[in-house]
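Pasting in a structure now, in structure tokens, and then I'll have a few things to ask.
Chain naming follows the written order as A, B, C, D, E and F, and within any one chain the residues start at number 1.
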Amino acid sequence: MPKKTKLVNSKGIRTDGRKIDELRPVKLEVGILSNADGSAYIEQGKNKILAAVYGPGEVHPRHLALPDRALLRCRYHMAPFSVQERKSPAPSRREVELSKVIREALQPAIFLERFPRTSIELFIEVLQADGGTRCAGVTVASLALADAGIPMRDLVVACAAGKADGHIVVDLNDIEDKEGEADVPVAYMPNFDAVSLLQMDGILTIEEFEQAISLALDGCRKIYALQKEALKAKYQAIKEEVEGAEEE
Amino acid sequence: MTSITVSRIRQQQIALLIADGKRLDGRGLMDYRPIQIETGIIEKAEGSARVRLGKTEVMAGVKIGIGEPFSDRPDEGVLTTNAEFVPLASPEFEAGPPGEESVELARVVDRGIRESEAIDLKKLCIVPGKKVFIVFIDIYVLNHDGNLIDASALAALAALMNTKIFKYEVKDDEVEIKPGFTKLPIKNYPIAVTFADINGKLVVDPWLDEEEVMDARLTMTFDKDGRICAIQKGEAGTLSPKQVIEAANIAKEKTEELRKLLVKD
Amino acid sequence: MPKKTKLVNSKGIRTDGRKIDELRPVKLEVGILSNADGSAYIEQGKNKILAAVYGPGEVHPRHLALPDRALLRCRYHMAPFSVQERKSPAPSRREVELSKVIREALQPAIFLERFPRTSIELFIEVLQADGGTRCAGVTVASLALADAGIPMRDLVVACAAGKADGHIVVDLNDIEDKEGEADVPVAYMPNFDAVSLLQMDGILTIEEFEQAISLALDGCRKIYALQKEALKAKYQAIKEEVEGAEEE
Amino acid sequence: MTSITVSRIRQQQIALLIADGKRLDGRGLMDYRPIQIETGIIEKAEGSARVRLGKTEVMAGVKIGIGEPFSDRPDEGVLTTNAEFVPLASPEFEAGPPGEESVELARVVDRGIRESEAIDLKKLCIVPGKKVFIVFIDIYVLNHDGNLIDASALAALAALMNTKIFKYEVKDDEVEIKPGFTKLPIKNYPIAVTFADINGKLVVDPWLDEEEVMDARLTMTFDKDGRICAIQKGEAGTLSPKQVIEAANIAKEKTEELRKLLVKD
Amino acid sequence: MPKKTKLVNSKGIRTDGRKIDELRPVKLEVGILSNADGSAYIEQGKNKILAAVYGPGEVHPRHLALPDRALLRCRYHMAPFSVQERKSPAPSRREVELSKVIREALQPAIFLERFPRTSIELFIEVLQADGGTRCAGVTVASLALADAGIPMRDLVVACAAGKADGHIVVDLNDIEDKEGEADVPVAYMPNFDAVSLLQMDGILTIEEFEQAISLALDGCRKIYALQKEALKAKYQAIKEEVEGAEEE
Amino acid sequence: MTSITVSRIRQQQIALLIADGKRLDGRGLMDYRPIQIETGIIEKAEGSARVRLGKTEVMAGVKIGIGEPFSDRPDEGVLTTNAEFVPLASPEFEAGPPGEESVELARVVDRGIRESEAIDLKKLCIVPGKKVFIVFIDIYVLNHDGNLIDASALAALAALMNTKIFKYEVKDDEVEIKPGFTKLPIKNYPIAVTFADINGKLVVDPWLDEEEVMDARLTMTFDKDGRICAIQKGEAGTLSPKQVIEAANIAKEKTEELRKLLVKD
């Protein structure tokens, strides 16, 4: 594909006006769907992603139940209208792979062993995709799990870094993802300095890769702060509601 | 954990209240829950809308593609409507190919749009017999608290009214996309009103608990000129012919009321 | 589609020679398949439809069994050769919807609560389609259920009415269905004045709709008489067979 | 409720009788059940037939479409044969994609038609390499009382012999349909005869109870010139080479007998 | 299809240099996959086929278990790269049919009644196809069963005969299969003079058919000898290994 | 019967030994099992290879077809990679559509080839925007004893290097096949190295028993110039950032070692 776009200009500014180490605006909301046991919503750039959690609950079919812990299931799915050309609602191979790596990214944070013979179902729906949906998906799913009251060792947060026009940049947007030289999505548990998702495509030297990891982890830490704020805001809201009710 | 199974006691309560002309959530029998409609929420879709009907939440996205016309309608665009019961919307929804309920939902919404000729499909022909625009309506149920049909029909119409098509030129039967957009040509505004029959009494806009106890469901879709363009009875109960006519008269009124949310005079 | 055909001429006569309130010829036969527990066959115009019932019997898979009544399952299906262009045998979305509304049309007539934890399987096969297959399907399925000895509150009978060339007409044929202005299929239990299936597509005013309902119910009542005759004929045949056997 | 499981006692009875040269339903070992063939029963299909073989009942419908030829046979029409075990035919049939038995049935019937060149596929070419007629044979089992293969092969051939193709003209590689019909060009008349081996004895045309006790099944299809054009052995039993040759000689005779039901001298 | 190739020349020699009653070179190996309970490999002409057996073992799903014998399951499958044009990995109707006839060809040789309520799973993978894969598949599957220690009445062996350019020939290769006049695959248990698979397509007189059967059975007997050698070689190898170990 | 479930005792043994810098099969932590590569084993495929990595055995076949390019890359050939967990390879593999593990395997192998631009796809364009070569890589797992990714990546690359394309001419946008072959244009040689993290220690090339006890899996693919072109972390465990960088440095070395098996200087 002919590279049509200048991704980073001579002043180090990216197509959307960001600096190379600058995240896109992130908006997080917790507890927005009434049926789910837990839910959350993220906007990161133009990404718009919902996550919902059901469980712990009965496992169907039963023979999949695990004797010593909960079964974690995860579906990452894109709405047909979330991308440029309409996507068939049937799961693509890409969605199958991402469902797997996202599940594996979240699993180490959850105390699954406290709920043997149950299942925890996690659904991530990408309503609009703008590059970095798997990372935003991990970030928002983590909040949905917390909102469902699932006990966790730490929140999992994710952010990508990559290479665009020779620069190592953080949190790639759609065009950087498609036309850039490399993309390194990372999921991270800050309290444990533990990487739970790591992928890469593109071309990087080891040195560039080190830089990318470092930038991605910086991004993770910033978003982690936002995650905690969002949870706090939710509990604040509940608290006020309860207290409001008491005062009445 | 949320349970959506309504207990027997609650079921009796709902039915008894309705016999009395009241509803558990305080509404009158012919009142809708609060309705919120937002449009243009998915910038990447040619059209989009989100409808909140009480706690029921449905999105509709419209994508425009280019494809072949049906051989018996060579000079018309193609409309295709799909509904997904996204599993995050309800503990009873499962991932996988559409079940009979989501097929029915999509077909009922489609019928209203198609029969009222809401979209001017003739204007979506690019090269007769060869290339036409395809309008994909994707209905996405995000939270299920009853009456998905009315919410979906509203969301679909709102998304269509919000839809823009890129400008183009045809050269040697090939489509060249040009800068700018035009509006999707909309000719009619079908609105669906759904009744639940509970112990012989009709209510509109049943919420989930009412759906669990209803005997029959009846959806009537009216076009902008007050004519019926689609009907669907659902569930295993029955209705008397008299009830059906009564419902038609109420639905006509109700659709006019609801249409005002989308179409300003 | 350019409307090529004049559906009702100036004398009020339709393309197949019928008056606007006249049904197509209906032929009904009961008990024609030897394996099924109950079966019936209908010809209505050029519609040719078979229905068969198996049950009440074991439910597969078992977890679908209902504690308080029989599970009624229904498959409406069209033979690949039943329509102008060969139809794939895989069920279409239309067939999925019709299977649902037909099941819901028949269910209120059946004493399902007498057979808890069993299933009743109903299969409707359209061998030739000529407009109004769902109505004819309900009519014939009802007979197959009766033939299987399934206890019923009433027979369910169905008939459509609609609008063609501005006239409200009964029992639309294929071309009226496709080129007419509206189609209103109705299923009915005459003894209870109860409508159990009602759909509409096309455009009707409320007044036209009232007329259509009224015509459709007239049609239902006429076919109901034929249904009862067909059942009587079947039992007469059995009776004669039995008595013949006794005389020998 | 009907049960199609044959009790052990009945199984022994069937086997013992056959050892004695008799059958439970009174037939001789080499007798067919009564056969009824009706054609042209589905007016909307280009060809159709119903065959009743005792209580076994099978329909075949032929539809003609237009499509692309196979790349290695650019000047021939395409034949495709499908069989549905319609669930109303037997408590053991299930709705869903074809299982191995219906795939086998379709392929055995197809093989007889294809290998005997029953249809003159060369005459079904419209524009070489681009457009040819596609002949869809759909076999529809309506009541299963044994020996579906012979009944289906008969029904398929009868339907083909009954098939009419619309007249057409080719203009600029496009097909224009003209008024009137011609007959599908039939060159050969393959007939299948199926044996059951029960305790080492062969019988023809097994009914369902015999199929339940048979050790092996053997189908031999012969063309109009008395040549074999398809064979299929089924089930987990075995046959001696001697039995196979014996069967071939009987089958040749039997196919001539059956062919007379369709082809008048 | 225009017949382009002369299949048998005036000296009775076939395209690959064989005489009309001559088999292609056959190479057999037993016990070549470490995970399977039994396995074998065959090369016959350019056919390259693997077979593996798992079992007797638990039946999944359980309700398929048979009270009086083992359930034999068989999958015949072709690798996407085994044929001229890439084959989709989804099973074709041809593969469904061949899986059935191969299973039925092997079943009479196995003492299934010794393993009630278990399943024996047989997998045949065609890595390269060159005409006669079902016969070679039966031959190699038989060895895999023996290698798995499944008790058998006899080895099943298979070979085709057919007609090419008017000659009855044995063991058809790819081009003879496609352009020849007839193909008769036969599976056989020599010790019982029992035919367990028999199919034919093409056109043969009864006399030609008799000849073909006779040639095919000759072929079977020759390959049967090779089967037994291959098994012996395997056991010899095991014996030497064991004795070598003892001497150390 | 083979059991692939590793007993608890064996699991502890494996982990304890590794903590000690040793492995149950005697290898060093950073040693591969013996590797055998054969190419050209499937004459009917345009390219083929079999890799044995200890007892793990994987084949890759390459078929070349002709089809349409992607609309956003009109002048490039198309690469498509598929992996089958053939059920004869393991008691845990099942026949049927690919599961998430075989999808992941295929996508990781594909990513290495695609991102390193191993195939010069520009040279596979026949008629821009209309006809290009499609390269089908089919990975076929024949015996699963661990580390399928590295074995598959090696097999795929070996098969590609072994691939020949028929010569052709283009006349009026139609492809005419000519006698003779040319080599598939290969520009790069991506090699995958997979680590298992077992109780915090990394080992390369885990065998099946080690995979059963590993906490995390990490695959790094390097191109011929020592640059990373694909990474995939797997399993539910975690890695420290330090471990990741450590792994990258080891993998770079290891890939150079492995590449020599295929590419001679």
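By our rule, a contact is a pair of C-beta atoms (placed from the backbone, for glycine too) under 8 Å apart; a residue touches a chain by one contact, two chains touch by 3 or more.
Everything numeric here is computed off the predicted structure, so don't read it as measured data.
Peer 1: Moving only to chains each one touches, count the minimum steps from subunit A until you reach subunit E.
Peer 2: Between subunit A and subunit E, the shortest chain-hopping route counts 2.
Peer 1: What is the minimum number of touch steps required to go from subunit B to subunit E?
Peer 2: 3
Peer 1: Which neighbours does subunit D have in common with subunit F?
Peer 2: E
Peer 1: Comparing centres built from CA atoms, which chain ends up most distant from subunit E?
Peer 2: B
Peer 1: Name the chain whose C-alpha centroid is farthest from the C-alpha centroid of subunit F.
Peer 2: Greatest centre separation from subunit F goes to chain C.
Peer 1: Using mean CA coordinates as chain centres, what's the gap between subunit B and subunit C in Å?
Peer 2: 28
Peer 1: Would you mind pulling out the distance in Å between where the CA atoms of subunit B average out and where those of subunit D do?
Peer 2: That gives a centre separation of 48 Å.
Peer 1: For subunit A, jot down the residues that touch at least 2 other chains.
Peer 2: Residue numbers touching two or more other chains: none in subunit A.
Peer 1: Where in subunit F do residues touch two or more other chains at once?
Peer 2: Within subunit F, no residue contacts more than one other chain.
Peer 1: Touch graph across the chains, line, ring, star, complete or other?
Peer 2: ring
Peer 1: What order do the chains sit in around the ring if I start at subunit A and move toward subunit F?
Peer 2: Here the ring, read from subunit A toward subunit F, comes out as A, F, E, D, C, B.
Peer 1: Could you please specify the touching residues of subunit A with respect to subunit F in the complex?
Peer 2: Touch list, subunit A to subunit F: 1, 93-94, 96-97, 99-101, 103-104, 107-108, 184, 189, 192-206, 209-210, 213-214, 217.
Peer 1: Which part of subunit C faces subunit D closely enough to touch in the complex?
Peer 2: Residues 33-37, 39, 46, 48, 50-52, 54-55, 57, 75, 77, 79-86, 89-90, 121, 123, 125, 127-130 of subunit C touch subunit D in their complex.
Peer 1: Mind pulling up the subunit F residues that touch subunit A in the complex?
Peer 2: 72-73, 98, 100-101, 103-104, 106-107, 111, 114-116, 218, 223, 226-241, 244-245, 248-249, 252
Peer 1: Taking the touch rule as given, give the residues of subunit D at its contact with subunit C in the complex, in rising order.
Peer 2: 1-2, 4, 41-45, 48, 55, 57, 59, 61-63, 65, 82, 84, 86-91, 95, 97, 136, 138, 140, 142-145
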